[in-house]
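The structure appears below as C-alpha cells.
Which chain is which? They are A, B, C, D and E, in the order written, and residues in each are numbered from 1.
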Amino acid sequence: MARFLKNITSKIGQPPGALIYTGHHFEEKIKVTAFGYGEHDLEEKEINSFEEIIACKDQYPNIWINMDGLQDTALIEQICSHFQVHALTIEDILHPEQRPKVEEGEGYIYVVLKMLKYVGQGQMVDAEQVSVILGSNFVLSFQERPGDTFESVRNRLRGGKGRIRRSGADYLMYALMDTIVDHYFLILEKSGDLLEDLEEALLTSSSKSSLHTLYALKREMLAVRRVVWPLREVIYKLEREEYKLIKKSTHIYLRDIYDHVIQVIDTVETIRDMLASMFDLYQSTLSNRMNAIMKVLTIISTIFIPLTFIAGVYGMNFQYMPELEWPYGYPAVWGLMLMIVLGMFVFFKRKGWL
Amino acid sequence: MARFLKNITSKIGQPPGALIYTGHHFEEKIKVTAFGYGEHDLEEKEINSFEEIIACKDQYPNIWINMDGLQDTALIEQICSHFQVHALTIEDILHPEQRPKVEEGEGYIYVVLKMLKYVGQGQMVDAEQVSVILGSNFVLSFQERPGDTFESVRNRLRGGKGRIRRSGADYLMYALMDTIVDHYFLILEKSGDLLEDLEEALLTSSSKSSLHTLYALKREMLAVRRVVWPLREVIYKLEREEYKLIKKSTHIYLRDIYDHVIQVIDTVETIRDMLASMFDLYQSTLSNRMNAIMKVLTIISTIFIPLTFIAGVYGMNFQYMPELEWPYGYPAVWGLMLMIVLGMFVFFKRKGWL
Amino acid sequence: MARFLKNITSKIGQPPGALIYTGHHFEEKIKVTAFGYGEHDLEEKEINSFEEIIACKDQYPNIWINMDGLQDTALIEQICSHFQVHALTIEDILHPEQRPKVEEGEGYIYVVLKMLKYVGQGQMVDAEQVSVILGSNFVLSFQERPGDTFESVRNRLRGGKGRIRRSGADYLMYALMDTIVDHYFLILEKSGDLLEDLEEALLTSSSKSSLHTLYALKREMLAVRRVVWPLREVIYKLEREEYKLIKKSTHIYLRDIYDHVIQVIDTVETIRDMLASMFDLYQSTLSNRMNAIMKVLTIISTIFIPLTFIAGVYGMNFQYMPELEWPYGYPAVWGLMLMIVLGMFVFFKRKGWL
Amino acid sequence: MARFLKNITSKIGQPPGALIYTGHHFEEKIKVTAFGYGEHDLEEKEINSFEEIIACKDQYPNIWINMDGLQDTALIEQICSHFQVHALTIEDILHPEQRPKVEEGEGYIYVVLKMLKYVGQGQMVDAEQVSVILGSNFVLSFQERPGDTFESVRNRLRGGKGRIRRSGADYLMYALMDTIVDHYFLILEKSGDLLEDLEEALLTSSSKSSLHTLYALKREMLAVRRVVWPLREVIYKLEREEYKLIKKSTHIYLRDIYDHVIQVIDTVETIRDMLASMFDLYQSTLSNRMNAIMKVLTIISTIFIPLTFIAGVYGMNFQYMPELEWPYGYPAVWGLMLMIVLGMFVFFKRKGWL
Amino acid sequence: MARFLKNITSKIGQPPGALIYTGHHFEEKIKVTAFGYGEHDLEEKEINSFEEIIACKDQYPNIWINMDGLQDTALIEQICSHFQVHALTIEDILHPEQRPKVEEGEGYIYVVLKMLKYVGQGQMVDAEQVSVILGSNFVLSFQERPGDTFESVRNRLRGGKGRIRRSGADYLMYALMDTIVDHYFLILEKSGDLLEDLEEALLTSSSKSSLHTLYALKREMLAVRRVVWPLREVIYKLEREEYKLIKKSTHIYLRDIYDHVIQVIDTVETIRDMLASMFDLYQSTLSNRMNAIMKVLTIISTIFIPLTFIAGVYGMNFQYMPELEWPYGYPAVWGLMLMIVLGMFVFFKRKGWL
C-alpha cells in the first residue's frame, strides 16, 4: 500500500542530475520499438541498439520511439541526449514517483502521466509512470513496465485511416494521453460495479467483508484522485498556454481530454461521497444489530431470572416453610410465575421492544 | 446506482469522433417533431424522413426540431450535418454521460443539460441527457428517452401569446432550459416532504426504515448536486460571455434561470446539512435506546442474581446446616432478601437509573 | 420544516412574468400605509385604494409605502406599474421563496431581505420575505404577513429627530435594512441562552431532551445561515457598486450594517462549531454511561454467578456425595465462596473497575 | 459561555450613533492616565477632569491617553469630540462586542483589538475589547476593565531607552498591539500544557474529566480563533495600505506582529487538529474498555451458566432419576463439567479472547 | 508534544530586537566551521574566535560559515553584524519557534527552514530550526543543535566535482535547502512503513497498540504538515520573485525543490486521508467484535437460562408436585429441554446469528 513511498530515499544525498533508476527492477529486458510514419507510409520495427534509432530517424516525417522498462539507464541517456533532452528531465524519467506534470524544455515538452491498472486479486490499483517527450517531429514515450497499453494507438497508426497519420507528433501525444485517460474509466467502471454490489449488501446485512470492500474502495479512490487532480492542471496548461509545438488544430482534442478528466474527477468525488454515506450506513446497521441482540438477551433474562429466583426459593431446605405444605402451593407458584411473565410482556410491549 | 458509470467504457480505444450511441436502447421508435413558427403563424408536424425537415426548414422565421430517443444515429448525423454541427459535438450528443456544459461551435452553441426524474418506487432519481443546439434561426433538441418534458413549452408556442412567438430561437432555448430547471424544484419538493416525515419519525423513534430513507435522500442529493453545480457555470457563461447568437434582451431571462439554479444549489446544500444533523440524531437515539435496554437488563440482573444465590445456598443438602433448623430461618432469609432489594433500589436511585 | 420548499412548484410551466402569489394566504386583509415626509412635515395615513396613493405621492419630498400581506396581487401590480417597476421584479415580490439579493432596475433598486422570527413553542425560526424598492424619492416595502417589524422606524420618522427626516429615501431603506439585521441578533441571543443551558445540562447528565435541543439549535443555525450569507453579498454590493440612487453619505451607514452582518455570520459559525463539540460531548457521555452500567452488571454477575454455581452443586441429590456428610462441609463452602469474592475483588481492583 | 452574545440586543431600535455603553458595568471608577512624551522628557499623570487633558495636550510631541473602564460615556464623548473622533466610532468604542477591525476616520485610524485573559478556575478565556485611536501626535486607548495590561509599555516609556521615546505615536500604537498579541501566546502556552497532560492521560486511561478538559480546550481554541483571524486582516491592512499616519519605518515592526499572528493562527489550528485526534482516541479507548468489560462478563457467564444448569438438573426431585443412584454419578458430573470448562477454554482461545 | 509552544513566552514584554536565545540549551559548546571555496581551491577549518572568520573571509570567492548551536549569542551577533545583518533578523535566528519564511534584508536574503528528525523510541518527529543567510558571496547557516545534517553537502564541496564549486553562494543555499527537503522523504518513508504494518494489523485484528500507532502517525503528519506548507510558499517566492542575489541559472534547481515539496505535501495529505479511513476501519472492527462477543453471550444465555429455570422448578420441595411422581417425569423434562434448545436454534438461525 505504501508503495507510493518506496525507493524515494535511495537518491538522498546525490547531486541533482544523477541518473539512477529508482523504480522496481523487472527481470525482462527493456523493449524498444520505433514507428516512423507519414501520411502515406509507415515503418515499424523493434530496436536493439542505439544506432538503429539514428538510422530510422530522418526517413519519415514523424517518429515515435516507445520504451518498455527503464532499467537500461545508459540506453535511455544515449537516446535522450541525441534528442537534446536536459539532464534534469532524464532524471525525472528515471524516478517513477513523479506527480503528473508538464515542463517545457528547449525544443521539447515533457509530460509525466500515470497509467492505472488493477493488480492481483486484492483489487489494488497500481500506478505506472509514463513519460512522454514531444519534439517538433518526434515523440519519445517511456513506460515503467512491459504491457500493451498503447496497442490501440499502434493499431490506428497501422490502419492508416483517421487523422492520426495525417497529423503531426503533437496529435500522437494527444492519442497516447487519451488512451491513458480512457483507462481511468475502466477503473471507475469496475469500482462502480463493486459499489453497486456493496450498497445492496449493506442494505440487507453488514458483514465484515463489506467493511473491507468499503475500505479497499476508499483507498482506490485515493489512488485515482492522487493521479487525476494534477493531470487536470497538466492538460489545462497544454491547452491554454501557447506552446509552439502544439498546433492550434490539436487544441480541440486536448479540450476533449480535459472534459474527460473533469468527468473522472467528478465521478471519483461522487464515489467518495457515496462511500462516506455507506460507511455511515454500515455503522448504523451495526448499532441496529447490536440493539436487536441486546433486546433478545434482555427479554429472555428479565423474564427468566425472576422466575428462576422463585423456583430457587421453594427449593430451599428450611424445616419450617409453611408454603411447601399447602395443598395448592405448587399451582399457586405457577400462577405467580405466569403473572410475572404477563407483567413483563406488558412492560416490553409498552417499551416497543416486542 | 452506479448507472452513472455505465456504458462509458464501450468507446475506449475508438478514435475521436466515432459515432456510436452508448446510452440505453429503448424499444420505441425514435420520434421527431418539427415546429416552424413566427410571430403570426405556426406549423407543427411529426417527421418521418430527413427530407421532410429540409422541406419545412425555410418556410418559417424559426424552426425547432425535437428528437425523442437517440438510437437512430444515422438520422441524427444527417440532420446535424445539414445544420453544420461538428463531428465532436455529434459524438457528445450520442454519449449521454456528459456533464452539463456549453460549447461554442461555428455558427451554433451547444448546451448539455440533465433532466431529472423519479423512477420506480425506490424513489431513485434518474438523470436524462438533453442536448440543445442553438443556431441563428433554429433549435435542435435531443432527448434520451420519450416523454412529455417539453409539453408546456409546446403549449405556449401553440397558444401564441406571450413573448415566445415574437422572440427568436435564443428565447426558445431559454424556455427549454427554464423547463428543465423548474423540474428540479419538483425533485426538491418531494425530497422536502420526505425530509419532513423523516424528521418527525426520528424525533419519536429510530427504526431501520428511517435509516434507509436517510440514505436514499443522501444519494438523491448527490445526484442533484452532480447536475446542478456544473449547470450553474453553464448559465453563468451564457449570460456573461458575449455570444452573438444570444440577444441582449434574452440576458435578463437567463439571469432569472441563474437565480433559480442558485436557489436549487442552496436548497440542496441545506438538505444535505439537515441530513447530516439527522444522521447524528439517529445515531444518538440508537445509543440512547441501547442505554435504556441495558439499564433494564442490569437492574433486573443485579437485583435477582444475588437473591437467587441466597436461595441456592439454602437449597444445599449439607447434613449440618444450622440455619435450616432455626424456627425463624425462613422468614429471616426473606428479610435478608428484602434488605438487598432495598439496598439495590437506593443504589440505582443514587445513580439516576430509576 | 421543509417550509422552505413549499409552493415553489405551483408556478412550474407558467411563462416568466406570471403574477401569481405563491406564499401562504393569511386571512387578514392586506394593509397599506403611506408616509409622506420631508425635513419639516410628515403625513401618515392608511390607504384603501390605489387613488389615495397617487394623491399623496407628490406632496412630500419622500414617500414610503408599506404593504403588509401580498394576497392582493392586483393592487400590488397597480402600484408597482405606477412606479414603473418591471414585471419580473413584481414576480419576485410575489414569490416569497427568493434568496436575499439586490437587482438594479430602470430607475429603482430592488432588494430582497428576510425577516427572521420565532414561531410557536418549538422555537422554530421562520423566515418572512421583505421586498424593498428604492426609487429616487420613494421607498416601497412589501411584507409577507402583518406585524410591527418596522414600528421603530415609524417612531423615528414620527419623532422627527435624527437624520432620518433630513435624509432621502436611500437612508430610509438603510433604516429598514438595519431593523431587519438587528432582529437577527435577537434570534442569536435567544439561541445563545439555549446554548448556555444546554452546555450546563450536558456537563452533568445527557438526557434525551438535550439531544433534541441540540438538534433544534442546529436547524435554527442552518436557517439563519441561509439568510445571512447572501445578505452579506447584497450589502457589499450596495456599498461598493456605484448605484446612483444611493448617496455617498449613506455609504458609511451601509458599512455599519455590513459589520453587523459579518458579526452575525461569525456568531452563527461559532455556535455551529460549539454545537458540533457539544454533540461529541453528548455522544461520549452516552458511551461513558453505557460503560458505567455495563461495569455494574459485570461486577455483580461475575461475583454471583460462580457462587450460585457452587450452591447449585451442593444442592444436587446424588446418593453418594461425600462432602455433604463432612461435619465442616458447610462452613468450608462458605470459606470457598468468600475466597472467590475476594479474588474477584482483587481482579476488579487491578482492572480499575472499582 | 454565551457571553459573546450578551448585551447586543439592548441597542436594538436605537438610531445609529446613540452613545450607550452596552458592556459589563464594573463598580470601580473609570481611571484615566495621560503620558506626554518626547525623546528627552516624559510626564505621566492620572487625570480627573477633561480640563487636565487639554492642559497637558500640547506640551509634548506625543500624548497617550489611556482609559480603564467605559462607564463614563460623557467623559469619553468629551475627549473623543475634542480629538475630532466621529460619532459612529465612539459608538463602536462603547459596544465591546465588536470584531477586531481597522477603520480610517478623518485625521485618525481606529483599531479594535481583543485582549484575551484566563478567568476563574474553569480555565475560561475571556475577551476584553481594547480600542486604539491613532492620530498624528496622539494615541487614545480604551480598555473595558481595569488591569495592568499595558504596564510593560509604560515601563519602556519610563525607561526612555530603545526606539519608543524617539519614535512617534504610530510606534506607540504598534507597541500596544504587540503587547496584546504577546498575551495570546500566554493563552496558547497554558493550553499547550493542558494538551500535553491530556494526551498522557488519554494514552493510559479515559476518565470523564479528560473529556471535560478536551471540551474546554476546544471551546477555548474557538474563542482564540474568533479573535485572531480578523486580527490578521487588520494588521495586513495596516502594513499594506498606505495610511499617512503610519510611517514607513514602522512597517517592518507591523510585519513582525503579522508574523506573530500567523504563528498564533498556525498553533491554534494545530491544537484544534490534535484535539480532534484526541477525541477520536478517547472514543476508541472507551469502546476498547467496553469490549474488555463485555469480554469478562461473557467469559464468566458462558462458563458458569451451563454448569449451573447441570447442577440444577441433578438438584431436581424426581422420584425416578437413575443417575442419582449410580455410585459414580457425582464424580461423573464433575468430569462432565470439567470437560465443558475445557471446551469453552479452547473456544475462547480460538476467538482470541484470552 | 506541546514542545512547539515552549519558550515562546519568555520574551513577552521585551522590546523588539532583544537578543535572547529562547531555544533549548544543549551542553555542548557551539561549533563553528568555515568553508572558503572557489572553482579550483577549498579551505575548510573549524573556527574558535571571531577574528578567524575575518581572516578567512576575503581569500575565496565564496565563504560558507556554519554554526551548530545557538547558545553563544554574543558570537552570533558579532558575526551577523559583521555581515550587516539586521537586528530583527538576528532575533529571529535566536528564536527557534519561527515558521519557515523568507525575508529580504539589505544585501542579503534570510530563509528560515525546519529540519525534521526522529527522536527517541516513541517515533516522535522533532523539528529543528535552520536559518540560512545568503549574501552576494557568503552563506551563513545556523543550526539549533549539533549533527551531521549537511555532511553530504560538505562532501560534495570537498569532492569538487559537479556544479557546486563552480557556482556561487546561491547554489550553495539551494544545496542546503535540497538536503533538508530530502530528509522529509526519510520521515515519510518510515511513516509509510508504519502505515503498511498498521493496515495489515487492522485488517486482521484491532488491538490497542494499533490505535496508539494510528494516533502517533496522525500527530507526526501534523508536524510535517506544519513545516511543509509554509515552505512551499518560501520556495515559490525564491523562484518567482526577482531576487538579485539568486542567479537565473539557479531557478531551475529551485523549481526542482518546489516539485519535491509539492510531492511531500501530496504524500502527507494522502497519508492523512488513509489514516482517517483506517480509523473508521478500526472503529467498525471494534463494533464488529463487540457484536460477536454479545452474540456469544446472548446465545449461551438465552439457551441455558430457560433450561435452568425448568430444572429449578423441579428442584422445588412442595409436598404435592404430581410431575415428580410420574414414572416418565424425568425423561419428559429432558424432552422439553431439548425442544427448547431446538426452538432457540431455529430462532438464531433465522436471525442469522449462527
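The criterion applied here is as follows: a contact is a pair of C-beta atoms (placed from the backbone, for glycine too) under 8 Å apart; a residue touches a chain by one contact, two chains touch by 3 or more.
These numbers were taken from a predicted model, which means no experiment stands behind them.
Path length between chain C and chain E in the touching-chain graph (shortest route): 2. Copies chain C and chain D of the same sequence differ by a rotation of 70 degrees once their CA atoms are superposed, given in steps of 5. Counting every residue number used by either copy at the chain D-chain E contact, under half are found in both chains. In this assembly, the C-alpha centroid of chain A lies 26 Å from the C-alpha centroid of chain E.
Annotation: 42 Å between the Cα-based centres of chain B and chain D. The set of chain C residues that touch two or more partner chains comprises 283, 287, 290, 294, 297, 301, 305, 308, 312, 315-317, 321.
Viewed as a contact network, the protein chains form a single closed ring in which every chain touches exactly two others. Residue ranges on chain A touching chain E, taken from their complex, read 1-2, 4-6, 8-9, 11-13, 15-16, 88, 97-99, 101, 205, 208, 211-212, 215, 218-219, 222, 226, 230, 279, 282-283, 286-287, 289-290, 292-294, 296-297, 300-301, 304-305, 307-308, 311-312, 314-317, 321, 323-325, 327, 329-330, 333. By the touch rule above, chain B contacts chain C in their complex via residues 152, 156, 162-164, 178-179, 182-183, 185-186, 188-189, 191-193, 195-196, 199, 203, 252-253, 256, 259, 262-263, 266-267, 270, 273-274, 277, 280-281, 283-285, 287-288, 290-291, 294-295, 297-298, 301-302, 305-306, 308-309, 312-313, 315-321, 351-353.
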